[in-house]
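Next, two complexes with subunit A in common: one pairs it with subunit B, the other with subunit C.
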Partner chain A sequence: MLALRDLSVTFRGYPVLRNLSFDLASGETLGLVGESGSGKSMTALALMGLLPPGFEAKGSIRLRGTELLGLPDKALCRLRGRAMAMIFQEPMTALNPVLTVGAQIAEGLVLHGLMDPRAAMAEAIRLMERVGLPDPARRARSYPHELSGGQRQRAMIAMAISCRPAVLIADEPTSALDVSLQVEILALLREIRAETGMAMIFISHDLSVISAMADRALVLYGGLAMESGPVRPVIDRPAHPYTQGLIAAIPRGTAHTHRLSPIRGQVPDLASLPPGCPFAGRCTLGDARCAGTPPPLRSGLTQIHCHHAEPVPA
Partner chain B sequence: MALFLIKRLVGLVLTLFLAALVIFLVLEILPGDPAAMMMGVSATPETVAALQAELGLDRPAATRFLDWLAGIFTGHLGLSYTYRVPVAGLIAERLVVTVPLSLMALALAVTAGVTFGTLAAANAHRRADMIVMVLTQLGLAIPNFWFGILLILVFAIGWGWFPAGGFPGWAADPLLAFRALLLPAIALALPQAASLARITRSTMLETLSEDYIRTARAKGLSRGQTIRRHALRNALIPVLTILGLQFSFLLAGTIVLENVFALPGLGRLLIQAIGGHDLILIKSLVLFYVATAILVNAMVDLAYGLADPRLRVGRA
Partner chain C sequence: MNPAWRHPSFRVGAILMGLVLGAALLSLVWTPYDPAEMRIMARLRPPSAQNWLGTDQFGRDIASMVLVGARNALLVGFVAVGIGLVFGVALGMLAALYRGRLIDEAVMRALDFIFAFPAVLTAILILTWFGPGLVNAVVAIGIFNIPVFARQARGATLQVLAQDYIRAARLAGLSRPAVMLRHILPNITGLMIVQGSTQFAFAILAEASLSYLGIGTQPPNPSWGRMLNDAQTYLGTAPHLALVPGLAIAIAVLAFNLLGDGLRDLLDPRMKER
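== the complex of A and B ==
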């Protein structure tokens, strides 16, 4: 349904995303994993056609056969919110402070011509009830500052699913919330996905969240897909040194007996990324060839971009 | 909410009282006896004293102050020294020029300022933005009395579209009266529109970088729809505060422009009153200007709560 081919994003000539390709089928969830600055959010914004000024996307993004890159904004406006919707990370700032929550949820339904304003408001209240907002009829008349962080994120979800999009992009939807709320929101997203059959792109820096939500995982680093494949082998039997490092760095819960094992070094900034593998400077297997030549794609149980590591055979 | 309004009201009355007191005291301290001024240099001390008694100037200052305060509520503000008619009547007949003039200028300034400021922000760092920035720089730099004279030269004397000055009165010819006020209103609005455009541009740019703007775009709203439905109201909240402050400058501007355009408004009355040492008239006129500025700012405070739900008091 959604197909990315060689999607590259540059910012003033610096690569932000390099030749990203993946497919997404209806009802499937792809987990995008990576550290800050790995290009996860830029992938989401490129999909929505909402890259900030100065960013440029090349390659191909096809949604149900329609090429999105190069589509005029008017045509994209008809797709945004309708065919694909997005949930943002910061529920505190992602809602308009001067409009009621109900009006903001109903807006998309009216905009896309699905309902008249009165019916849209009734539907907004129904959606608010569905996402677990208490006393939805009253909450619909509330302003965002009158809601808690968790309630705002529920309202955000109601807004995103209002027009029954085919693809829902969730960019770190739980990262700004308490752990107990995280679990509730993830459960809610799973329920809604099961009810509507929509495809989901779930972005997180947290591998445990990805393993709970995704069918397939794609690990990004420095704008390049390090490893991708079905979520279990990516997490249980990672082949790429970066994925292995990420998994080794997860705290085990027995903090006193185990030392944390971080990946050594720092995430390089955009301007100093090597032309080859972006992980070259921090990798245990890295050598001169790694930094100079882009790593080849190797396929096995998972797909990896690496000069040295061998994928686990399928 | 009720408590909030009562607090505001008490504050308002206190401010107005203090303003009245300061105005009274300053004019009291000022040298120059109005009775002596009116009688001229050849007057004898007896005739001056007689006139002082007639004008009530021989009574203690505190009594005169309290009388004046009471007069503000009853409308008995005394007789003008120079015109020999009640001050309240003089002010009332001039209000029909100054109030419409200020409101027209305000409407022009807000419309032009918000429109061009939004246009500039929507096209930030492109040609339309540059043009607006250069024009607003000019608008801020040009003194409005000079711009008023320029307008008279071009549109009144040159092309004859508007009267060059004077005011026919609303009753005689409402359309002509409106046209007589249009050029001075434009001149008055120019610097206000320029600074409002610049402020709107910067608050709009800030608003457009907010997360909720991206949310609105992700919903499928076009850039224009996003600006109109989501950005404008947020961007105008800070503009509203500035507007209240600017209104004081606008009022001060009417004093100058009424003289440039020979309009029989409050500003001209004030200049004439100052020229004639008509202290009793000056006192009430200045208080009127101060009260208007204070009331407009109080209204802006209330409007602030309407525009921004986060500032509403007493809501759950």
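== the complex of A and C ==
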């Protein structure tokens, strides 16, 4: 349903995203994993056609056969919120403080011509009940500041699913919430996904969240897909040295017996990325060839971009 | 009790504005005398049972003139602020939307040019060009109000544009103009109303100044500023002539300044009671 082919994003000539390709079917969830600055959020914004000024996208994004790149803003406006919706990290600032929560949820329904304002408000209240907001009829008349962080994130989800989008992009939807709330929100998203059959792109730096939510995982580093494939092999039997390092770095509650094993070095500046593999300077297998030549794509149980590592045989 | 009443500035401002508004409305249906009627035998009378606030040098009833003057003052305020608000907010939001581009620079520098001259001086210039009179005075004050609102609207719009919920609105499929109207305008309305209230006070004062100089409201149409001018000659013998219109101007200006002060606090939805 959604197909990315060789999507590249550059900012003033610097690569932000390099030749990203993936497919997404209805009801399927793709987990995008990566550190800050790896290009996760840029992928989301490129999909929505809302890259900040100065960023340029090349390649192809097809949604149900329609090419999105190069589509005029007017046509994109009809798709945003309707065919694709997005929720993001900061529920505290993502709601307009001077409009009631109900009005903001109903807005999309009216905008996309699905309902008249009165029916949209009734639907907004129904949606608020669906996402587990208490006393929805009263809450619909509340302003965002009267809601807690978790409630606001629920309201954001109600907004995003109001028009029953085919694809929901969730950009770190639980990172700003308490752990107990995270679990509730993730469960809610899973329920809604099952009900509506929408496809989901779930962006997170947290591998445990990805393993709980995604069917497939794609590990990004420096704008390049390091490893991708079904979520279990990517997490349980990673082939790429970066994925291996990422998983080894997760604290396991054994700090008193084992040292934590961080990935050495730092995430490189976008401007100083080598032309080859972005992970070259930090990789345990890295040599001169890595920095100079882009790594080839090799397929096995998972797909990896690497000169050295062998993919786990399928 | 309405929470607005608990705000002291708002309460005092609202009462004073009610006083001015009441006087203006009353003058539409009733005044003690015809404010233009001259009774030369009853000139320069101090306040009495016949003439509550006395009479001026032509024997005109001052109470009647002050009432009609309130009407003119409010009219000037509404129209001058209206001109400034409509054009200023539109230009300011436009400039913010195209920040840093030619249209932003062109609009804001043109408005800076107007703003560079003192308001009353600009008004005098316009009035000497187009001729004195109430209508021209109102337009002149209104034009000066445009850059005031435009600057505030631009700054406030830029601030709102940087918020996540604007991105969220765009992600929900709203076009840029729709975002402007649905999400940005309501966010800056409070600020604009507050500024409007302050500019209202300023407009009343500016009209009084222009009329005092003789190029605003023309006789026989009464104006507080003109009354002050007329009173000047008799300041020693009949001080009430200056005191009454002076007090009226002070009350009106104070009313709108206090009101603006109170509204600034009250219109912030974060201040609303839970």
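The definition used in the following text is that the second predicted complex is superposed on the first by the 314 of 314 C-alpha atoms of A that agree within 3 Å, B and C clash if a C-alpha of one lies under 4 Å from a C-alpha of the other, contacts with A are read in each partner's own complex, and residues count from 1 in each chain.
As a convention for this text, a contact is a pair of C-beta atoms (placed from the backbone, for glycine too) under 8 Å apart; a residue touches a chain by one contact, two chains touch by 3 or more.
Computed from a predicted model, the values in this text were never measured in an experiment.
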When subunit B and subunit C are modelled together on subunit A, clash or fit: clash
Contacts of A:223 with subunit B and subunit C, given as first, second, both or neither: neither
Which of subunit B and subunit C A:74 touches, first, second, both or neither: both
First (subunit B), second (subunit C), both or neither touched by A:39: neither
Partner chain(s) touched by A:238 [first = subunit B, second = subunit C, both, neither]: neither
Contacts of A:93 with subunit B and subunit C, given as first, second, both or neither: both
Subunit A positions touched by subunit B in one structure and by subunit C in the second: 48, 50, 73-74, 77-82, 85-86, 88, 90, 93-99, 107-108, 111-112, 143, 145-146, 156, 159
Residues of subunit A defined as touching subunit C within the complex: 48, 50, 73-74, 77-82, 85-86, 88, 90, 93-99, 107-108, 111-112, 143, 145-146, 156, 159
Partner subunit A, residues of subunit B touching it in the complex: 210-212, 214-223, 225, 229-230, 233-234, 237, 307-310, 315-316
Touching residues (chain side subunit A, partner subunit B) in the complex: 48, 50, 73-74, 77-82, 85-86, 88, 90, 93-99, 107-108, 111-112, 143, 145-146, 156, 159
Residues of subunit C defined as touching subunit A within the complex: 163-165, 167-176, 178, 182-183, 186-187, 189-190, 269-270, 272, 274
